[in-house]
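Dropping a structure here in structure tokens format, bear with me for questions.
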Amino acid sequence: MKITLLTHTPEPVKTIYIACRTCYSKTPPSEMGDVPQEKMTKLIRHTMESGHHSVLEHVTFSFAVEGVSRALTHQLVRHRLASYAQQSQRYVTYEEGTLNFVTPKSIEATALKTYNAFMAESARVYEELVASGVPAEDARYVLPNATVTQIVVTMNYRELIQFCRLRLCFRAQWEITEMTHLMKKEMIKVSRFLGNYLQPKCQHLGYCDETEPCGKYQFPPESSVVKAHRKELEL
Amino acid sequence: MKITLLTHTPEPVKTIYIACRTCYSKTPPSEMGDVPQEKMTKLIRHTMESGHHSVLEHVTFSFAVEGVSRALTHQLVRHRLASYAQQSQRYVTYEEGTLNFVTPKSIEATALKTYNAFMAESARVYEELVASGVPAEDARYVLPNATVTQIVVTMNYRELIQFCRLRLCFRAQWEITEMTHLMKKEMIKVSRFLGNYLQPKCQHLGYCDETEPCGKYQFPPESSVVKAHRKELEL
Amino acid sequence: MKITLLTHTPEPVKTIYIACRTCYSKTPPSEMGDVPQEKMTKLIRHTMESGHHSVLEHVTFSFAVEGVSRALTHQLVRHRLASYAQQSQRYVTYEEGTLNFVTPKSIEATALKTYNAFMAESARVYEELVASGVPAEDARYVLPNATVTQIVVTMNYRELIQFCRLRLCFRAQWEITEMTHLMKKEMIKVSRFLGNYLQPKCQHLGYCDETEPCGKYQFPPESSVVKAHRKELEL
Amino acid sequence: MKITLLTHTPEPVKTIYIACRTCYSKTPPSEMGDVPQEKMTKLIRHTMESGHHSVLEHVTFSFAVEGVSRALTHQLVRHRLASYAQQSQRYVTYEEGTLNFVTPKSIEATALKTYNAFMAESARVYEELVASGVPAEDARYVLPNATVTQIVVTMNYRELIQFCRLRLCFRAQWEITEMTHLMKKEMIKVSRFLGNYLQPKCQHLGYCDETEPCGKYQFPPESSVVKAHRKELEL
């Protein structure tokens, strides 16, 4: 799996700051000149903590997602407030030796041989069908969920936060969680301030609302609600 | 494949009519009483022909889609202005004999034996993995695109029109085209008026904008633009 | 102000139940027959508490909103996951005596005479402009925010919950809060179960995240997080 | 009115090109290195002409819109596939002399004196109400549609095309058409290629679908459908 930040709105913190200030100010947005970074992050933090997240939509981030399975992308594209460009299994015909497959860790440990043999067989049947004149769009019916694909994903920052709340959760599926962690890493390279808000929902809520919690959640010391919550749990 | 209209906004034509009239009228929408069907369809037709489609969003239709492949649903859920509830391959474990697969016609004719053998093998490997303790969410990595799934789809009428423009096109993938035809059939049972607007894009545009036209499009005699277009082609 | 529920998906609880069950079940959604109400609400409650809200999108509600100001509708239409059909000030020309205006309570108490005189003047100038041949779409530039309008609003149940979290909050603007309360009343008539989930965000969060809390929030006794939070506050 | 392009996705043509190619290619998107501009625009043009517009969503443009009326913004925010940050009439209190108003041309010619007197009166009443202790959010009920506001608008390129189809049409309202022309001008400065696709719907359709055409549409000589259409009209 390889996640690359292809491009993003330049100076994202400044852009969000201008959107924030426009709501509450008489200054024209085109004249909201250079302001110290600290002043900008202070206003943004304040706005976010009040739950006013629409200002975060004005900056977008585009990722190249490579080496992931179609199992992952079928989940990914369920997030509707985002844009996708995915390698098509209708228009791309895989030639011999170019099909790749993702292997779950649980299988690596116990059944790798069976799994690899099956994947080789699926590639063989696919290639046989294509060779016999079956269109790629039909031959792909034999391709398993494990088949590697690539996709370009563009999300605005508000949706990225929401996406991470769901997909950084350890109850999410391991492959998409891994991808989301790598997206967060890319974000932190651009802006530690923006990257740090990309958190699983438990860190935002101060508790876990899943039916079967992973148990790994460590309450952050700074949250007073969580401090209180923990106090109660200890009683 | 089985497509069932589960439920829909009652009296959809009347609801669209009220939305239309609200834009242009002083009458309160709650008092836009009983009006002859013909008067309602006349106003709706007029509004649609002017390209003002937002009034069509006020009625929604929910379909149960059963017996389709995951290849189909991965395409389907790319339509973002709709709501989906899909059978999860993470939470549902398929027991022996319950896995089903869709077979493309191009394969039926030429390679059915190979195909069926492969599908049986994929079911066998899936069941073996599950039996050996691999979680269903990982075992499913071996399941092919052909695997049968079920999904509930809700779209508003505006989006249904847009969806049909793309997916009734013969250049769309055959399985999703078949599903869309069955959705249209269900719609016509509710309202011939509304169902008839569900058309491939060529019928709307008056010509085909695909790079490789299917050639099956018969220009409707009533369209003057198309008449002119045909005239030119004949010269 | 008059809020009327024009129409809605029939049997909304059953429809949501079918969407919920489809995700986790092998039963085809078209065969998820009659199930006791209690079993349905139990599954829905469980799904909602786990934060899986997409199943709530499959039912929609359409309201006729009458006698509200353009100040209200400019806020309302900022909710983008909804459908609107609003009386147009471009296409509707108000004749003498048909312009109406909303009066805020804070003005009723202190400056009613000035306010009413100004509103009468705005109607007079509007009518004068129209009479002198200015198009309605330009004459309306004199119409104040207080001008009465009507609008049809369709939201799915998921968005209604989100809408109420923001607009039932006492920090929201009083007129839109009043409208939202009346929408909730209409919802409760259809289903007490669904109507009861329409709450300001504090009831959902267990605390208030506004910069200037209204102070009216009474912590619900059943929330353990809130109990803990309160405990801490008391220390 | 002043329209400024605040920021946008860097190298928008390259980003769209990568999205396009990802769909049809085996090359990883992160390695789709430097390609001549002409090759990029050729692929994009081809993709757009086939009606595959989703690839255009991966680049966004943010505009500062200043000196426009609330009549304009109430229309603008009806476009739901966009992000807005608007100066709030609840949180911003206008001090003496800071309220400004837009004047329609039809009024400038015939009734400027009446209009200006009314605007001065509305400012006076607003200021009087605020001075007497009425909250700004209620005092604004007297402010007319003409009141000047400012707003930051972010749209992706696909939505910009759709927006221009509707709002560059001469049947749209003059003020929003003027704003859209200025947005197009800003776009052309960034990329003539992208800016040129921002056209009223008649240029896209090859004909006008409005009930009352403006009559100004000149058929572009390059469109064969339009050529045919014109031929027929001449017969």
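Just so it is clear, A, B, C and D label the chains in written order, and each chain counts residues from 1 on its own.
Throughout what follows, a residue touches a chain if its C-beta (ideal position, glycine included) is under 8 Å from a C-beta of that chain, and two chains touch if they have at least 3 such contacts.
Being a predicted model, the structure only gives us computed values, none of them experimental.
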Show which chains lie in contact with subunit B and also with subunit C. A, D
Contact-pair count is greater, between C-D and A-C, for C-D
Between subunit A and subunit C, centroid-to-centroid distance (C-alpha), Å: 31
For subunit C paired with subunit D, centre-to-centre distance based on mean C-alpha positions, whole Å: 28
For subunit D, what residues touch not just one other chain but two or more? 84
Quick one: in the complex, what on subunit B touches subunit A? 69-71, 73-74, 77-78, 80-81, 84, 89-90, 101-104, 106-107, 110-111, 114-115, 118-119, 121-122, 125, 128-129, 132-135, 137-146, 173
Subunit C - residues contacting subunit A, complex: 46, 49-51, 201, 206-207, 209-211, 224-225, 227-233
Under the touch definition given earlier, write down the residues of subunit B that touch subunit C in their complex. 2, 4, 6-11, 15, 18-20, 22-26, 28-30, 54-55, 57-58, 60, 62, 64, 66, 83-88, 91-92, 94, 98, 150-152, 154, 156
